[in-house]
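Written below as structure tokens is the structure these notes are about.
Labels for the chains are A, B, C and D, by order of writing; each one numbers its residues from 1.
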Amino acid sequence: MTHSSFLQDELKISEQIDGDRVILTLFGALSVTTVPYFRQAVQPYLERNLAVIVLDFEGVTKIVSRGVGAAIDMAVQAKKQGGKLRLENVGKYGRSLYIQGVHLVADVPELEGFEP
Amino acid sequence: MTHSSFLQDELKISEQIDGDRVILTLFGALSVTTVPYFRQAVQPYLERNLAVIVLDFEGVTKIVSRGVGAAIDMAVQAKKQGGKLRLENVGKYGRSLYIQGVHLVADVPELEGFEP
Amino acid sequence: MSDKSLKLQISIPPVEGIEDVPVAAVEALASKMGFEPNRVQDIVQALTEACVNAILYSTSEMDVEVVVTAMHNGLILEVCDRGSGFDPDSIKPPDFKLISEVGVKNGGFGLHMIRELVDKVEIESSERGTVVRMSTFLPDSTLSNSAPNSTLPAHPSDSSSLMPQP
Amino acid sequence: MSDKSLKLQISIPPVEGIEDVPVAAVEALASKMGFEPNRVQDIVQALTEACVNAILYSTSEMDVEVVVTAMHNGLILEVCDRGSGFDPDSIKPPDFKLISEVGVKNGGFGLHMIRELVDKVEIESSERGTVVRMSTFLPDSTLSNSAPNSTLPAHPSDSSSLMPQP
């Protein structure tokens, strides 16, 4: 595998704090290249012991399994600390999230017709 | 060139008559394969000597130059009969239409920054 | 008008992020073939995972090939790399109980996703490279709509004879 | 991280309507490279016209090849067919005065469109086939944003040395 300067996936995260709740809205690709930034950007919120961390997927343009894996790790960590991770606006990515079992550890919108 | 049963371009046209005006809304591809249908479907309206024939491009998913050529022919015919052809909702196809000179024979929304 | 299958081929260098290009191509093709949006997304996601693996585990600059066979009753995608291969049988499905307790840490979901998302997966791998072959079939109703006189097999289970040979 | 150009290749059979597949691929690539939506649409439209011609004038079942070179400062698309070729110099630009009076009747706009839509067009044609090479360059501002230390030429007029040889 090589890197290229002009085909990089990009991920931007905007924050909106509301009491003991934070909404993190993702824009761009949740891919192999952006996962390290994703983990690093969310970690401080996990460490603050917030009641709810919302990941808003409205602006997500691509998901790879390792990106979903990172969200699972975040949900497990939040749960251990008595908080929770919630995914919103997952849209067409719902099936991929359920297949990876995100719904077992995080709040995810119900998915019609999903048979695990 | 060969044909395939499962990659055909499709074009649907819906009609809305309003006095001596008709709005024809196009859905699908204005491509080499659909141009004959496009010409054939619009011809009866041209023959009715309507004051205005509107082609609404809102639902157009692809344009090729021969499709635009057909619209030019329609505009020329309408003009000869004292009517006119108007194109609406041309969206991202505006530049292609202007490059082919559609604005010389039909009413087309103004295009910012077009230098003929 | 022919029902013959069509073969397309897309070669990409093993570069991070470039999988978007064949994925967009296949998305357009699958939609045009009449797959439902949900099914198109399944195909897109499976192809993304397979391409990401092919790129990630490429050990040279040799191209990754995506071979696409569009058939009257479905779509076969082959993702071929020249990496050093792996033993597909050694990859166990994820242990969701364990994951719920300790998390994921290091990937391991890609092949599971692919298997869940498409109708049929075949993997051939050796030290000269890997081919992941993913087949997705159109539902019968779509077939009879678009070609009422078709004599091609419509059931996935009937279709193995349509598979291209590696 | 490398500035090296990337080469992708898409082979399609000469079948009506299949141009949507390479077009979707190139649309995704051009967007990702940082072309503005208008410019992406210009590239999409030019590639559509070139592919339609390649398919239309193919005289055998041999594949049409779309060779894509993504460079730091732009995109080169080559559409190659095995048709019987033509003399590009014999194709005159459309006579808009005449068209306004009598209409179009039989096409003849494709090459004109291509020439207007992209920055540079080169056509090589013989009885063995045709290559239409279309180059589109990124504006300087995009370049300096994404790679401030770039030493690649940014002006279209400087870039002929970056062209792949046929």
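The rule is short, and it goes like this: contacts are C-beta pairs under 8 Å (C-beta built on N, C-alpha and C of every residue); 3 or more make two chains touch, one makes a residue touch a chain.
Here the structure is a predicted model, which is why all the values come from computation and not from measurement.
Participant: Looking at A-C and B-C, which pair shares more C-beta contacts?
Facilitator: A-C
Participant: Taking each chain's centre as its mean C-alpha position, how far apart are subunit A and subunit B in Å?
Facilitator: Taking the average C-alpha coordinate of subunit A and of subunit B, the gap between them is 45 Å.
Participant: Hey, how far is the Cα centre of subunit B from the one of subunit D, in Å?
Facilitator: Whole-Å distance between the two chain centres: 25.
Participant: Compute the distance, rounded to whole Å, between the mean C-alpha positions of subunit B and subunit C.
Facilitator: Each chain's C-alpha centroid was found; their separation is 38 Å.
Participant: Give the residues of subunit C that touch two or more other chains, as numbers and ranges in rising order.
Facilitator: 6, 13, 15, 17-18, 20, 29, 32
Participant: Among all residues of subunit B, which ones touch two or more of the remaining chains?
Facilitator: Residues 2-4, 7-8 of subunit B touch two or more partner chains.
Participant: Could you tell me which shape the graph of touching chains takes: line, ring, star, complete or other?
Facilitator: Shape of the chain contacts: other, as it matches none of the listed patterns.
Participant: All pairs of touching chains, please: list them by chain label.
Facilitator: Once each pair is checked, the touching ones are A-C, A-D, B-C, B-D, C-D.
Participant: Help me check something: in the complex, which residues belonging to subunit B touch subunit D?
Facilitator: 1-4, 7-9, 29, 31-33, 62-66, 68-70, 72-73, 76-77, 92-93, 95-96, 99-101, 104-105
Participant: Tell me, which parts of subunit C touch subunit D in their complex?
Facilitator: 6-13, 15, 17-18, 20-29, 32, 63
Participant: In their complex, what parts of subunit D are in touch with subunit B?
Facilitator: Going by the criterion above, the answer is residues 13-18, 20, 37-38, 41-42, 45, 48-49, 52, 55-58, 61, 94, 96, 99-110, 112-113, 116-117.
Participant: Would you mind writing out the residues of subunit B in touch with subunit C in their complex?
Facilitator: These residues of subunit B touch subunit C: 2-8.
Participant: Where on subunit C does subunit B make contact in their complex?
Facilitator: Those residues of subunit C that touch subunit B are 1-4, 6, 29, 32-34, 70, 72, 146-147.
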